[in-house]
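Shown next, in structure tokens, is the structure this report addresses.
All chains are identified by letter, namely A, B, C and D, in their written order; residue positions are counted from 1 within each chain.
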Amino acid sequence: MSSRLRVFFIDNAVAILILLLIAFALPVAKLPASFLIQEILMRLGRDTFLVLALLLPIMAGMGLNFGMVLGAMAGQLGLIFISDWGIVGIPGLLLAMIISLPISVVLGWMCGMIMNRAKGREMVTGFILAFFMNGIYMMIVLYAMGSIIPIINPELLLSRGYGIRNVVGLDGVRQAFDNLIPLHVAGLKIPVFSYLIIAAGAALLIWFRSTKLGQDMRAVGQDRGVSASAGIPVERTRILAIMISTVLAGIGQIIFLQNLGTINTTSSHEQIGMFSIAALLIGGASVTKASIPNVIIGVILFHLLFLVSPMAGKNLIGSGMLGEYFRQFVSYGVIALALVLYEWKRVTRENDARATLRGGGAA
Amino acid sequence: MEAVRRFISSFGLPRLLITVFLLLLFAVAPMVGVDLPSSLSDVLIRVGMNGIMVLAMVPMIQSGCGLNFGLSLGVLAGLLGSTISIETGAVGMAGFLTAILVGQGFGALFGFGYGKLLNRVKGGEMMIATYVGFSSVMVMCIAWVVLPFKSPTMIWGYGGSGLRTTISVEGFWRHILDDFLAFRLGQGFKVPTGALLVFLLVALAVWAFFHLKLGTAITAVGLNPTYAKASGININRMRIISVMMSTMLGALGIVVFQQSFGFIQLYDGPLYMAFPAVAAILIGGASVNKATLVHVIIGTMLYQGILTMTPEVFNAVLKIDMSDVIRVIVSNGMILYALTRTMKVAK
Amino acid sequence: MTARSLIQRSCALLGLLALSAFLFYIGKGHTLLVDTAAVTIDGREYSSAETVSVSIDGREPESMGRAERTMAQVGGPRHRITIEVVSGGGQKVEQRFVIPTFLDTALVSVPAILGGAPRQHWVTKFVAPAAEDAPAEEMQQQEQSTVLAAPPAIKP
Amino acid sequence: MEPILSLRGIGKRFFANRVLADVSFDVAPGEIVGLVGENGAGKSTLMKILFAMPEINETGGFEGTILFNGHPARFKDSFDALDAGIGMVHQEFSLIPGFTTTENILLNRESVNRSFLVDIFGPRINGLDRAAMDDRSRKAIAKLGVALDPDMLIKEMPVGHKQFTEIARELCRERVKLIVLDEPTAVLTESEAEVLLGTLRLLAAEGIAIIFISHRLREVVELCDRVVVLRDGRKIQDFPARGTSIKEIASLMVGRSVEAQAKVDAESELRSVNAGTEGERPILEVEGLWVDMPGETVRSVNLLVRRGEILGIGGLAGQGKLGIANGIMGLMPAGGSVLLNGVPLPLNAPRAVLDRSMAFVSEDRRGVGLLLDEGIDWNIAFTAMQVQDKYVRPLLGGLFKWRSDSAMVQLAQEYIQLLEIKCTGPKQRAGALSGGNQQKVCLAKAFALRPDVLFVSEPTRGIDIGAKHLVLETLKKYNHEYGTTIIMVSSELEELRSICDRIAIVYEGRIEGILPHTEPLEHFGILMAGADRDERPAPAGGES
């Protein structure tokens, strides 16, 4: 019995740790319950789709897709264009998604190709690729737009005549999805339409898992060699997994920003990758196994912690900054812990596998 | 034509492109009214500042632990050294040496724990190094607020507890190396001999270490761990030594950086400090498991050269400051190139 | 790539483009300047009543005096304006009008609609008179701190 | 009955050495043909040719023709062969652990429901038709006559069931007519093997031809209709299995042509007297040794090695002979007791073994034996430097040990002359040397340690004849001049008999028997094939 318990604790170490932290910080933060619930409901609608985008690459054995930031950039470019053309409301958001499609498809294809060249190091390659593409994105947004790429609406441009402003207001599309089907229950505003989109995304993933391509991805994820010898195009399948993940990340970023209502062009996409991955891991997912419940639990716990820790820091030691640092520590620490557990289990699994082969003294 | 192609493949195409780009910058600079001597002395000062941080990459690459994205652990040790040294109020060389010694102590301690962790996760070091680095920077952010520092130059004016984000080393050991034996060639060109001397000295020490029996063993572990194991080498111990060395060099590097920069940057300061050092050594031609002194020196000069020259030349020529974007693209582009290459070694 | 899938794929692509155009058309936002100042059309002078309450697309009605102007953000080409004269006769008029897609800011003349002027004069292109201090100036100061001012943490 | 498959004059040359020469045989539908032969006899190359594996075309294609179903077959790649109806069951399982039996059986041939999106997104957008898949896999399992649960995950399955899943996968191909099984019973228990043989008979009865490759001659005799024996790339014998015995097949597998036999006898005369003194305590006593080396598992080995002798360890591949050396030297997890000069030797501790002046020349030259990127001087001096502090200059009164490059170059030059290593100089990269010269560098590395006991694994594998001869001569010279006890592990029985005093044969992780080198070949053949206890020849003299 104890070994099974030990395995349970190791597998869910991350989730248990976070639950303890919240249980400790919640009473100290003394935040009103209604505020917390309202915030969690809003953030569920805002972030879940982004975390959903991470599931496919995990299924295809490429680990946590730090390259999803490329999709976020595509989504942001879409939003910049529609606010330039002045398209508002739901049509504006849908048009932004359509614009982001070709961009995230190309970026996803490129990311998949590069990751195929760095097999075994996909995660750190995605991580560095995100920084590299951030440089290119900044070049496009701060220098190409307005000069090479025509921008109609001068209000969007920086004072020097080219480059997009630091903060772009999305007044035309602010919370368009959230308020489409307004629902007030016991004083709480519930973004029904956003939940519908997330449900649609989840349904798409479940349906996709049962297609031939989904089955190929599961096979490639578990053993590239065997899949190749069975004739599955391994390289193409991995690239498709990354492409779909990047496209979903683009759409997720549009949902995220319409809820926020503003884009800060140079920074709102950078933290997305890290927050979504931290949330997924808090939900109990690992580098090789992730499911939709992990996504939802992860988003709830992550944001509960996100809200509670600054207040707890303020009430406990009197400085809000402490809580802020503690929150960032937990986000980074959770990813570090999950990665260590994954590699450590991989190493011990390899040794155990050989042990079963052991002829051993029992001749 | 064959000789050219062989040279390119040995020198590495991207490294060639960057060198040409830098030479172009140097050529264009005087034509657009950029004061070349002062830019060159800028480059030298920056080489003195960052050289040791790039050198800190060598031990872990040699031992096969890969690129040390967790260099920020060493930087934190150095920050602890500097803050404690200023707390004691020691000034001048005494202050500088206390900062270094205390930094080395913490560096060894952090390096040991960090090495033990990396030994458990062979194969997945780089990603874990990155996030262990990030989380320890955040832990230290909490420490900077909580630790009982009293020295007036460091704590927040009104609050009374917790350290300021940027602490000036003015009056303690600012430019203690840069001014040591510094001489000027003509009016603009100032050579920070002290810093360059220390950089070369430490580089020589690292070169010598890898000539010792222990250093040879570490190199073998990096090239072929099974070969090393078959020759009776304790692989884990060698890896831990290399990680400790890298972290201690990081601690030394940040203190040397601060004496030239003039400020200690706490809190978020060290978060992304590993990436420029990784990019520099890769631009120098190192690969994921082979790095030599030549790679360090060439890499630091090329990287810092680009960092200094792009803003000045671009401002003068195009009147737009794209240097920040170019730095991000060039440094991350290099790391990406190294990660996607197979284990080929550029001489 | 069979011929069939080639056709299907190009149809899907065209469909997507058509959808985008359609979204652009129905989603284009306009700023409506509802104006009650007197206006002369084809020699005939129209003036509005003392106070009127105007509501666009069924939104909250706004009461306006003789020569006032309010702004309303709207999305899409087809809109409905209901004007109710508060002082005197209590006349209530509801009219539909269409804004051309590429017209950003449109001037809607209440007197023209009340007075039954020819339809094309109801909504005219708004030309920003040069004299007025263009709103753009004070927006400038806000961005002086461009993004590249020395960022504290050196990004990788 | 017209044969389903006939090979006509199949030949193959890898650059210098010829691997297959004029091999022809037929396989009729429903017939089980046993294909036997020592490793390196050409069995796997033959199969690679049948399945048009890339390595064959890349190295210049093959001679002769293959007739399948009566007409010449030119398969582009292995998928072509699979579609034509030839199934292959590998030795190590190619199964997806997290998939169920059904999903594995139908891997990449799943039945799908056509979806309208096909034309836009391509064929892989179709949904899986789970019902049809279950039906197809049940039919295949039924053919096997074994109770396999279609929904069980592979990773929770006993080893035997995994084997049957692979066979079921091959059966599921529409027009399967011929199945090739490569060492299917290697990982099975006795009972599982019996069930497998039963299944194969069932399949044969249904008209499916089977090529059964195995080292377990007892099974080959029991199961097969005909047996084809390969040796050194030639077909030696092709005869009905009924009426032959394991003894006969074994000797055919190992036997040499007459003139080769004469050379062996001539050489054995000039072996000197130094065959180790009888009475004295053995230098190495091994008891109950087990070693966990993938593919070379050692179950329980007892061995006594006399001081100064050259002991050979032979046996077929995969029986565990390589495991012994790697286990004792601490490179692979091992257990049991090993005494060196009567003093217990710690296991799993490479350094302790090297300190007790034992050395090891690994069979995996490039992976374990060499630093490919460093020069010859580095490679030879490294172990001696690390273990015995040689080639280093003390600095600051011994506080630091400075690697003296000059001493290393001088040592390298010494061995370059001694072993005639063809190279451009002591600094040349080991990776740039030929196979033979690399082997000499590994030998030099071990000799530099001046060991008392030297383990040498597969010293002559993959090197040219000239280098082979020189390597063996050097080993003999070291044994005579310095009295080094040498334990040589090799799959080349020929070489063992020409250099070793006694040869131990390993079968399934145990020492099957130890024979003096003068014993006739057939006796070795029987031990190597794991004959049943009663048929074993009485070993002359050696302890077993």
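In the analysis below, a residue touches a chain if its C-beta (ideal position, glycine included) is under 8 Å from a C-beta of that chain, and two chains touch if they have at least 3 such contacts.
All figures in this text were calculated on a predicted structure; none of them were measured in a lab.
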{"item": "Which of A-B and A-C has more C-beta contact pairs", "value": "A-B"}
{"item": "Most widely separated chain from subunit D, with each centre as the mean of CA atoms", "value": "C"}
{"item": "Geometric centre distance via CA averages, subunit C-subunit A, whole Å", "value": "37"}
{"item": "Chain centre separation (subunit A, subunit B; CA means) in Å", "value": "31"}
{"item": "Length of the line joining the C-alpha centres of subunit A and subunit D, rounded to whole Å", "value": "48"}
{"item": "Length of the line joining the C-alpha centres of subunit C and subunit D, rounded to whole Å", "value": "82"}
{"item": "Junction residues of subunit D - those touching two or more other chains", "value": "none"}
{"item": "For subunit C, residues that touch 2 or more chains besides their own", "value": "156"}
{"item": "Residues of subunit B touching at least two other chains", "value": "275, 324, 328, 332"}
{"item": "Residues of subunit D defined as touching subunit A within the complex", "value": "78-79, 94-99, 103, 107-108, 110, 112, 115, 123-128, 288, 290-292, 294, 297-300, 320, 333, 335-336, 509-510"}
{"item": "Of subunit D, residues touching subunit B in the complex", "value": "329, 331, 350-351, 353-355, 360, 362, 364, 367-374, 382-383, 385-387, 389, 392, 400-403"}
{"item": "Of all residues in subunit A, those that touch subunit D in their complex", "value": "207, 210-213, 215-216, 218-219, 222-223, 225-227, 229-232, 354-355, 357-361, 363"}
{"item": "Residues of subunit A touching subunit B in the complex", "value": "114, 117-118, 120-121, 123-125, 127-129, 131-132, 134-136, 138-139, 142-143, 160, 317, 319, 321-322, 325-326, 328-329, 332-333, 335-336, 339-340, 342-344, 346-347"}
{"item": "Subunit D-facing residues of subunit B, complex", "value": "211-217, 220, 223-224, 226-227, 229-234, 290, 345"}
